[in-house]
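Some structures to go through are shown next.
There are two complexes below, and they share chain A, which is joined by chain B in the first and by chain C in the second.
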Partner chain A sequence: MSLLDTRERKRASPTPPPAAAHPGLGRRIRAAKWSYLYLAPMAVLLLAFVVYPIFASFGYTFYRWNGIGAPGNYVGLANFRQILGDSIFWGAVEHTFVYAFVLVPVQLLLALALALVLNNPKLKFALFFRTVYFIPVVTSAAVVGVVIQLMLANFGDSAGSLLAKTGMTNGHIDWLGDPHTALAVIIAIGIWHTLGYNLVYFLAGLQTIPAELYEAAKLDGCGPVQSFFRITIPMLRQVGVVIVVLAFIGSFQVFDLVQVLTGGGPYFATEVVNTYIYHLAFGGSAGAAAQPDIGLASAASFLYGLLLIVFSALQVLALRGISRRRAAADR
Partner chain B sequence: MSTLSQRPRPRRQLSLRQGRRGLLYLALLGGGLIWLYPFLWALGSSLKSTDGFFSGGLNPIPSEFHWSNYSEAWTQADFSKFFVNTVLFATGTVIVTLLATSMAGYVLARTDFPGKKIWLGLVGVTLFLPHGYTIIPVFDLIQRLHLLNTLWSVVIVQSAGGMVFGTFLFMGYFTTIDRGLEDAARVDGANFHQIFWRIMLPLSGPMLATVGLFACINAWNSFFIPLVFTLSRPELHTLSVGMFNFIGQNSTAWTLVCAGSVITLLPIVLIFIVLQRFFINGLAGAVKQ
Partner chain C sequence: MTSSNVSRRGLLRTAALGAGTLALGGGLSACGSGSPSSAADALTYWDWYVTQAPWVDKEIELFEKGHSGVSVKKTTQQNAKYPDLVALANRSGNPPDVFMIPQVPSVAEQVAKGWLHPLDEWATPAWQSRFPEGTFLEGANVFDGKVYSAPLKGSGPQLQLYIHHGVFKSAGLTNPDGSVKIPRTWDEVTSAAQTITKKSGGKSYGFGFGNADGIGVLAWWLDLFVRGAGAPGGAPTVPGTGMDYRVGKWTFGTDRAYADFLELFVEWKKRGFFHPNSVSLSDEAARAFFERGKFGMTVGGVWNQPEWTQHKFTDYSLVTLPSPTATPKGFYYADPVGNGTFAAVSAKSKKAHEGFQWLDALTSPAAGRRWVEDLNGVSAHPTDNDPDGIDSKPFAAFIGMTEQVLRGPVPLVRNPELAGVAPGVPKPDIGDVVTGVYTGQIKDVQGALSSLADKKFQLLSDAVAAVAKQGKKVSTSDYVFADWDPTKPYTTKKKA
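After this line comes the complex of A and B, so read on.
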């Protein structure tokens, strides 16, 4: 987001609108009628299916409602109180943050290293390797869930029995059924599943760095390590900010993978916020509600939305602070 | 003497570099094998016999090849119908997404109008909000539009979900195109529509491929949206939904489940491989700004 803001500002500042032309708002709106018309399909879809539902759900937070018929049982702030007092909700928040804060750094480091290797123009079969590492992204979480579950099941020479043979463990491991390992396994699968996105983003970013910079650095006697820290990292900063923000957004919304692998279990050990909300809204394993309750689910998502907005604001402020300090240091 | 002693040195350096490069390729291949292992395993398991599946464990190589698993999965689980539905769903989503995001991206990048910054801010904020739970009001809206249990509802809801990212990509791409092109066209008498449809859109081929591919992948893999909006019409199910029903009905036919996974995967992987050379170029164009 911060990138967009600065881009907007940069573009606006060198060409200020001519002071003489200051037509009224009505005329400016009429002059831009085709712009509005072109924006309309996107605007209508977004307003109807993304923005309106967010506000509509806020209305549901005050009702005890199972989703059938019209909401009628007004309960005030009781839903919020119940969610805030539910340890499973806070556990889900914790798991989501653990997921994001382990997955994002590990995955970004892996993706950057891989992108640096694959970006080398002398590397043969770069396209082949790029495809290989991107393919999990193309795969639905549903298929991933089924296949990984079958692989981890203890049929024949499974991963568990192989480890047992090497003497690392004593026998049967129920990777996804053990509360101590389930979240770690899901994080590992998450890293595998979405690495390709960040690989491609980093590759795209690397391709925007002019090759002359590296040639000039080489002439000046820079080694590969030095040119990495002096050229690659600073030139990737802007793209990097977007990649980090997108990676966190994606991780905070994790749902499919957890739902198909464990459904939030065992004993809520892998319950993330979105599976918690889903279970509240449509029934299932969440302890807070045996019956589906849209009101509770909406309250939980509203609170989580607030949490994410606060976190995003902090993230944007921090990144802005860093880039401003760097910019000052460069000068 | 001196020339003789110096001669072997370049050769040794070369072989050292070659060795290092060989190691690099080996590491890339090894990593790639780990990365693709689940797919190889699913492919192998889809050809195993039921007994072979249970005794085979993590070994992906079947002892005998049961090609009939595919024809069985295809007919028994109605995969042919799901396949057609998924193709229609993905195609519709790609068309709606490309039209809406390219037009919006163009006007947001190249024209100025009152309310533009407010709109951009709102669009940005929606990126951060959790959407999953909003399915209830969306369901309500679709019901009131009398679109429930149609493929249209799935296309529309799916397209709406991918709108923001695609718009940002097009916006970034259009800002990189030289403004002189538009000015020249305008001097030649081209109007707003001609500039967009005849000049800007044809120029945005890589971005059309990128956004289209994203939309196609997401639609193909979408599970929740088609499940919710075609719940009571099994003949409208997509592959991912159909596969899940199949698991519920045949919880022991794991070889068929693996065959179903491969049937679901293969087309989208092929589309990706065909279109992927545009993909990175498109993204690079968008982030260049």
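After this line comes the complex of A and C, so read on.
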């Protein structure tokens, strides 16, 4: 097509009116009405069970309220003050961040390494191995927690005593009852439990890399290590960002494993923010912990929400900074 | 009223109706009494009794035989959710005719909310006289002179040290006649634990417990050991209790019995007397471990016994109040407040008369005797608590211990207006602190105990101030009984 042809065509077709270039909201909704209709059930449920409770619970942050009857004991900002001054809350924040910042890097490295192995077309029984690694993901965290708790503590000859007998540990270790080991054990179980997710993401990412790139690199004399760093890693960058974000989101929501394995103990050594909020809101099974306080729990969850917003903003800024630096380097 | 309030209320009502429907469904399927055709007319009854269910079912059967035309539909609700379910049922206007009184909100609040039916038309003075003196107490189960409930249970020693005969015998801890040498003092307990741990070669330990459930098991140990040492408040975790009434305060930081015992407790741990998985074991698992002889001693209540009896394990003894000296300086004290609020008739019930008949049957001396015979605990009627005729030797021993429970001060008797005082609970509470000390996370034991005692008193003071603000004449001095001798029964005098 020549340049003249293009000019003539432009002249022939009048400039479209602005309305047509940027159709109004009503027209856009009408045009995509089926999409909105399909989205509607999810949107309604999201509004009812996620958005509404967030705003409704904000009102509770100003009350001392055990959840029965209407909240009546107005305390203003006292709940926020109490949470901010509670060393157990800050301990729970610390444990949650330790959980996330240890679990995510270790898990991603393991998942990537396994994905590279399982992506090898020469590997026999690859499908079987993928299934094996994915099984923990589809198993409920509560079930995983109960079984592992049984193995570590409740069986007659628990893992602790077996390791001591074989001389692998210097005496019997109460893995979940020792404040020095309990959080590490939970992190290790967390890594194992959700490894399959990231493995699948990485496998999907690896399978989008054209084989021609590796063939070309091989012809150019690249070894496997060079191919990995020059082709695999750059090509996985996009999916990698998504995996990191999802892994952090999942880690900051850790609850079920901790609740089942240790209940946040011993003496708050494994308390994470979600178990802290849960214990405030619903109390424990007996005694002192049986006094729920929805107001305090709401205040704690709001403060944690704010913390996560700050963390997310920092994450976005950091990613943007990295992208800018990379773009500048590419130029 | 905002629209959001309306919608929230609507949602709760719907949830309550759902819960009610499920509960009714559960009741219909779970209940063994009454025919399906009579289900709609049946008297509905809610409780949270699981291990005591055989006793309840037997009482239903006997009640239905004695009251033709009246059937009882029992629904056993989940213990942890029970207060929510009762609250939802009341808010939806569809509560059961008779229900065990939930612990939250307080009985005073439940009466104020109009949940409970006053029993005065049936609970005549003659009826009341079948219970021991002091059973009906203004602020506990009587409000504005109207009776709302009656007791099923009496007071026994809340906790005991259980002793495994097999483990003791294997360690050679026997008397010349071959019987097991029962330790009664702190030193004897220490010595027994040391012998077991040393002689078993790693097969058994002196002590064990299961602290994983978050129910404050370690506070039980402190409670059992410090009472006999002269700290009559012990270490309970129930809000507003556990104070030393001689001073009207929690004395964790000032009574040396607490720090002394915790020092000994940590010493026991350092010397390897405890089963090493104790902190992460569940209470349930610890019970099974004790049964299998994994450790020789554990602390628990009478609730341990039904399960062991079911497993045919009765080769154990129990002692209460092991003390530094041979004679205890403090005891367990009867709980007329907690015991007096067992079950109530709903204010909304259309079968209130039948409801009272059912409550009457449940709290009768005959039912109380069956309660004891079925190994559930102590009856409210002292005549029921006769160890003779009880097959289980350990349970008979427990029933025999009721004489060691003394009458103590009851602030509510002195000032019924204290009924509205509901102090909060500090976090960490005593169970957490003992766990922290045991695991080595708390180094400054004395500081932690003093800080906790101060926090508890501050919470009580705040709660008292809140009630005083409503125009009630209450004060923290209402909790002080300076003339009380913890080794003798005490009769609380009413405020002049």
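The rule we apply is simple: the second predicted complex is superposed on the first by the 279 of 331 C-alpha atoms of A that agree within 3 Å, B and C clash if a C-alpha of one lies under 4 Å from a C-alpha of the other, contacts with A are read in each partner's own complex, and residues count from 1 in each chain.
In this section, a contact is a pair of C-beta atoms (placed from the backbone, for glycine too) under 8 Å apart; a residue touches a chain by one contact, two chains touch by 3 or more.
The structure displayed is predicted, hence computed values, not measured ones.
> With the two complexes superposed on chain A, say which partner A:Gln291 touches: chain B (first), chain C (second), both, or neither.
second
> Touch test for A:Asp174: chain B only (first), chain C only (second), both, or neither?
The second partner, chain C, only.
> Looking at A:Leu308, would you say it contacts chain B, chain C, both, or neither? Reply first, second, both or neither.
first
> Just chain B (first), just chain C (second), both, or neither: which does A:Gly67 touch?
It touches chain B and chain C both.
> Of the two partner chains, chain B (first) and chain C (second), which one does A:Gly76 touch, if any: first, second, both, or neither?
neither
> Contacts for A:Gln149 in the overlay, against chain B (first) and chain C (second): which applies, first, second, both or neither?
Once the two structures are laid over each other on A, A:Gln149 reaches chain C alone.
> Of the two partners chain B and chain C, indicate the one touching more residues belonging to chain A.
On the superposition, B touches more of the residues of chain A.
> Let me test your reading of the model: by the given contact rule, A:Ala56 touches which partner, first (chain B), second (chain C), both or neither?
both
> Is A:Gly265 touching anything from chain B or chain C once the two structures are fitted on A? First, second, both or neither.
In the superposition, A:Gly265 touches chain C alone.
> Does chain B (first) or chain C (second) touch A:Ile88, or do both, or does neither?
It touches chain C, and chain B stays clear.
> Where on chain A do the contacts with chain B and the contacts with chain C coincide?
56, 67, 156, 158, 161
> With touch defined as at the start, can you tell me which chain A residues reach chain B in the complex?
1, 4, 7-8, 11, 25, 28-29, 32, 34-36, 38-39, 41-43, 45-46, 48-54, 56-57, 60, 67, 114, 117, 123-125, 127, 129-144, 146-148, 150-151, 155-159, 161-162, 192, 200-201, 203-205, 207-208, 239, 242, 249, 252-253, 255-256, 273-274, 277-278, 281, 294, 297-298, 300-301, 304-305, 308-309, 312
> Taking the complex as given, what residues does chain A use to touch chain C?
The contact residues of chain A facing chain C are 56, 66-69, 86, 88, 149, 152-154, 156, 158, 160-161, 172-179, 182, 262-269, 284-292.
> Chain A touches which residues of chain C in the complex?
It comes out as residues 4, 8, 79-80, 83-84, 87, 91, 103-105, 113, 211-216, 219, 237-239, 276-282, 285, 289, 292, 294, 424-432, 435-436, 438-442.
> Quick one: in the complex, what on chain B touches chain A?
24-25, 28, 31-32, 35-36, 38-39, 41-42, 45, 53-59, 96, 99-101, 103-104, 106-108, 111-114, 117, 119-120, 122-138, 140-141, 156-157, 159-161, 163-164, 167-168, 175, 192-193, 196, 217, 220-224, 240, 243-244, 247, 254, 257-258, 261, 264-265, 268-269, 272-273, 276-277, 279-280, 283-284, 286-289
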